[in-house]
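The letters A, B, C and D name the chains in turn, as written, and every chain counts its residues from 1.
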């Protein structure tokens, strides 16, 4: 069932699956964001893809809120029919940034998760080959995009 | 008399000779010098004057000078022509704004550049290839008649099959160089050469047989003489087209230069050659192109026969041969500016599905043309 | 990237950065004879950490580094960043500036598509005529850029609040003459390239990407539209002046390399129409609103701007923390998505070694954009 | 027969190109005249400069440094063309318009230190003949209907 407008989509999500998500916000026309619980994010993702038609993976990235001690992983998804963009956000504590990998649901997230792993140190369980994407293979230590990164680990 | 005493006696004899006769003989030689030099020169002059024609043939026309000159002119022309098609100028600064020195500069640079041998390559085979490569087309070119009596190597009435036999050797070398250079790109390139030559060689041989059939003899000179009334391109138009396409395929010119496809295989089987080795292989490419073009002209465009204007056959001379060669080279370079490169499977499909049956059809038509409908 | 293990029956070739046609990336291909069994894209050779650089640049200074992400199409990339900054800081843009932005973006798109033609023609074999024509025809556009912005490639002409300068006088009929000239030139391209039977043989039916696979694998730009999905950010979320410009979104059905080439070809015609519309109906008025040189942002605001670059949809997501510099800039680069599609193409259909560069350059990758 | 007609057509399209004149500019002999907005080498007007340092702060590549000039009090911008990306932000930022951009692009030097232009060197603009001794003529591109022609503007 394709929701006509953003507000209906958000209301429906909150009504149907309150236990899967913390919050759902409408930013502007055709742009919605959903903050999911880390443990049940796979189910919510499957529902979003199968029932709500968010089948096109756009991108994924993380933000490091060092003052609040948390990292937020954002998945940008697109519904090809209604052209809605949905930002699926997952908050992870900074001390153990673990998260189930989304590659079974959206296969193209493979690259983006590898990049988030090497830049932020977020461990994606179930990822086919979690290796370096952009950094050299012999990169030792240091997650560059974290706020507390002081440039250690640069190969000599 | 055991060996030691023999050696000892020999040394003694040598020393005695050195002390006594050696100075005498040296003095005699010096005294006879004033008369020796003019005599030597005279002998040399007689030698050159007497067999001037074979010397000219060996060195100039089908020989070394012509081959090198053709390679240089073809390279220069191709770069200038391609440049013009691309709205730019091409070699400009070397040689007074025309760039003709550029080719010489390139050849010199290639010959003096240090060449690198990959560490675990088969050294012998790797170094043998660039030497063998130019020899085969050069050998084949010696059979081409540039004038009725201007044939360097007289194969006794069988010059066409000998030419095809020698030219048939050509694909063997890239195959073992590809393996010898111990590089993945060269291996793929050499396999491609093998596929290409098999699919390209057989239609050519059949078409050549068709022309020999029409001319009634296997000798290239007789084939050219048989074309006096009319060039074979007209009665055998299908053969003419097949041979032209086959020529581009054999010489690995652009629509079919699959083995050395720069965009996929770096340089195909020539990837590991550098310096003088690369210079030889590049020259070999132009030589095989020259060889096949000359055979194409002899078989279909009436070799050295001048065109018969209003029934009056113009005096046949080497000039016509070179003129036709120039025209064909211009057409092939124009084809290079216009067409992309075909994939290997498309080239093979063209070779087996189209060229082969057409050449058989062409052979059948010549038989009918020659002996009417006896069968 | 650690290489996955090699199966016994295939030969692994490193189509490395030192290859005449590979660009600045390494592609590992498992080859069985002539057939490519598996493609592994090993990207990251030109990773400059632009997202980290932008965290240390103020909002206006950030324009110059982000333009270096795609040098062929700097206008659209800079527009993505500048619109995100304007949304985050709440800056208004006058109408005339929007129209000038659309004009420059369309000229940049044509410039980038011409560059893509040249490479796609070059990799089907040394086919020199058309490749150098594109270089000559880009000269026409580069001269227009030089007159308008002062630079030929990296214009850094967009500023939060508008554009840096107005159109020089006499510029509009120069644009009209250039559009006339380029329309005639594309007739030659159509005859020499698209109608060329050998070129068609090399491109038709090669690297086919079906509609569902294109969506599932997250393709974008001409790669997506070549498979029949009419997604174009200029139509979905009109930004700059695309709201009141009329143009068509080009799609092809077959989804092979030839379809992608035709999509780019017709997109250029649409861009030329847009340039003509802008030259005729551009409104008057100011070109730039007053914005301080070092604007300060409000804490905790985030803004995502989506822009249709020549290679696909670019998303720039800026997070601010009230300082002079953005807290975090997340760039969703189009080429990274297309490179994943390229990696999966080996399993979708039969790819030969000779087809590899043709497919790679029908996706029109820009490795600096993919590595950020 | 459409296949053969198509086969011959590229010949007819490409062949006339061979007769066309080339589009290349023979650089050391002739040089283009760029548009007046062209962003080339800077020209610093020492009198207008009020040593505010805005150009140094706005420069994204940090290639402008304020250095004292003997014979004048106050500090003037010194530009390091090794890192400058000619973006022109400093020209916009300058409140008095002391920094303008000329159309010189000949930056070649043997050492990186020679690329650092001191304020005095920025002040005077060399004549084109000094920079390019073998220059013969200045040309400007003119777009005719068939191709891009170059008309000679000034014979040196």
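As a working rule, contacts are C-beta pairs under 8 Å (C-beta built on N, C-alpha and C of every residue); 3 or more make two chains touch, one makes a residue touch a chain.
In this text, all values refer to a predicted model and were calculated from it rather than measured experimentally.
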(message) If I average the C-alpha coordinates per chain and also across every protein chain shown, which chain's average lies closest to the global one?
(response) C
(request) Between chain B and chain D, tell me the centre distance in angstrom, where each centre is the average of that chain's C-alpha atoms. (result) 51
(request) With chain centres taken as the means of their Cα atoms, state the distance from chain A to chain C in Å. (result) 25
(request) Report, in whole Å, the distance between the mean C-alpha point of chain A and the mean C-alpha point of chain B. (result) 65
(request) State, to the nearest whole Å, the distance from the C-alpha centre of chain A to the C-alpha centre of chain D. (result) 45
(request) Find every residue in chain D that makes contact with two or more other chains and list them. (result) 10, 14, 17, 23
(message) If a residue has to touch 2 or more other chains to count, which residues of chain C qualify?
(response) 129, 136, 192, 196
(request) Scan chain A for residues touching two or more other chains and write them down. (result) none
(message) According to the definition already given, which pairs of chains are in contact?
(response) A-C, B-C, B-D, C-D
(request) Could you pull out which chain A residues touch chain C in their complex? (result) 27, 30-31, 55-59, 61, 63-64, 74, 76, 78, 80, 83, 85, 87, 106-108, 110-112, 129, 131-137, 144-145
(message) Could you list, by residue number, the parts of chain C that touch chain D in their complex?
(response) 57, 60-65, 129, 136, 139-140, 143, 146-151, 154, 156, 164-165, 168, 177-178, 180-181, 184, 188, 191-192, 195-197, 293-294
(message) Which residues of chain D touch chain C once you look at their complex with the stated criterion?
(response) 3, 6-7, 9-10, 13-14, 17, 23, 34-35, 37-39, 54, 57-61, 85-89, 92-93, 101, 141, 143, 145, 148
(request) Would you pull the chain D residues touching chain B in the complex into a rising list? (result) 10-11, 14-15, 17-20, 22-24, 26, 147
(request) Using the touch definition up top, name the residues of chain C that touch chain A in the complex. (result) 1-2, 4, 43-44, 47, 49, 51-52, 215-218, 220, 229, 231, 236-237, 304, 306, 313, 315, 317, 319, 327-328, 330, 332-333, 336-337, 339-341, 344, 371-372
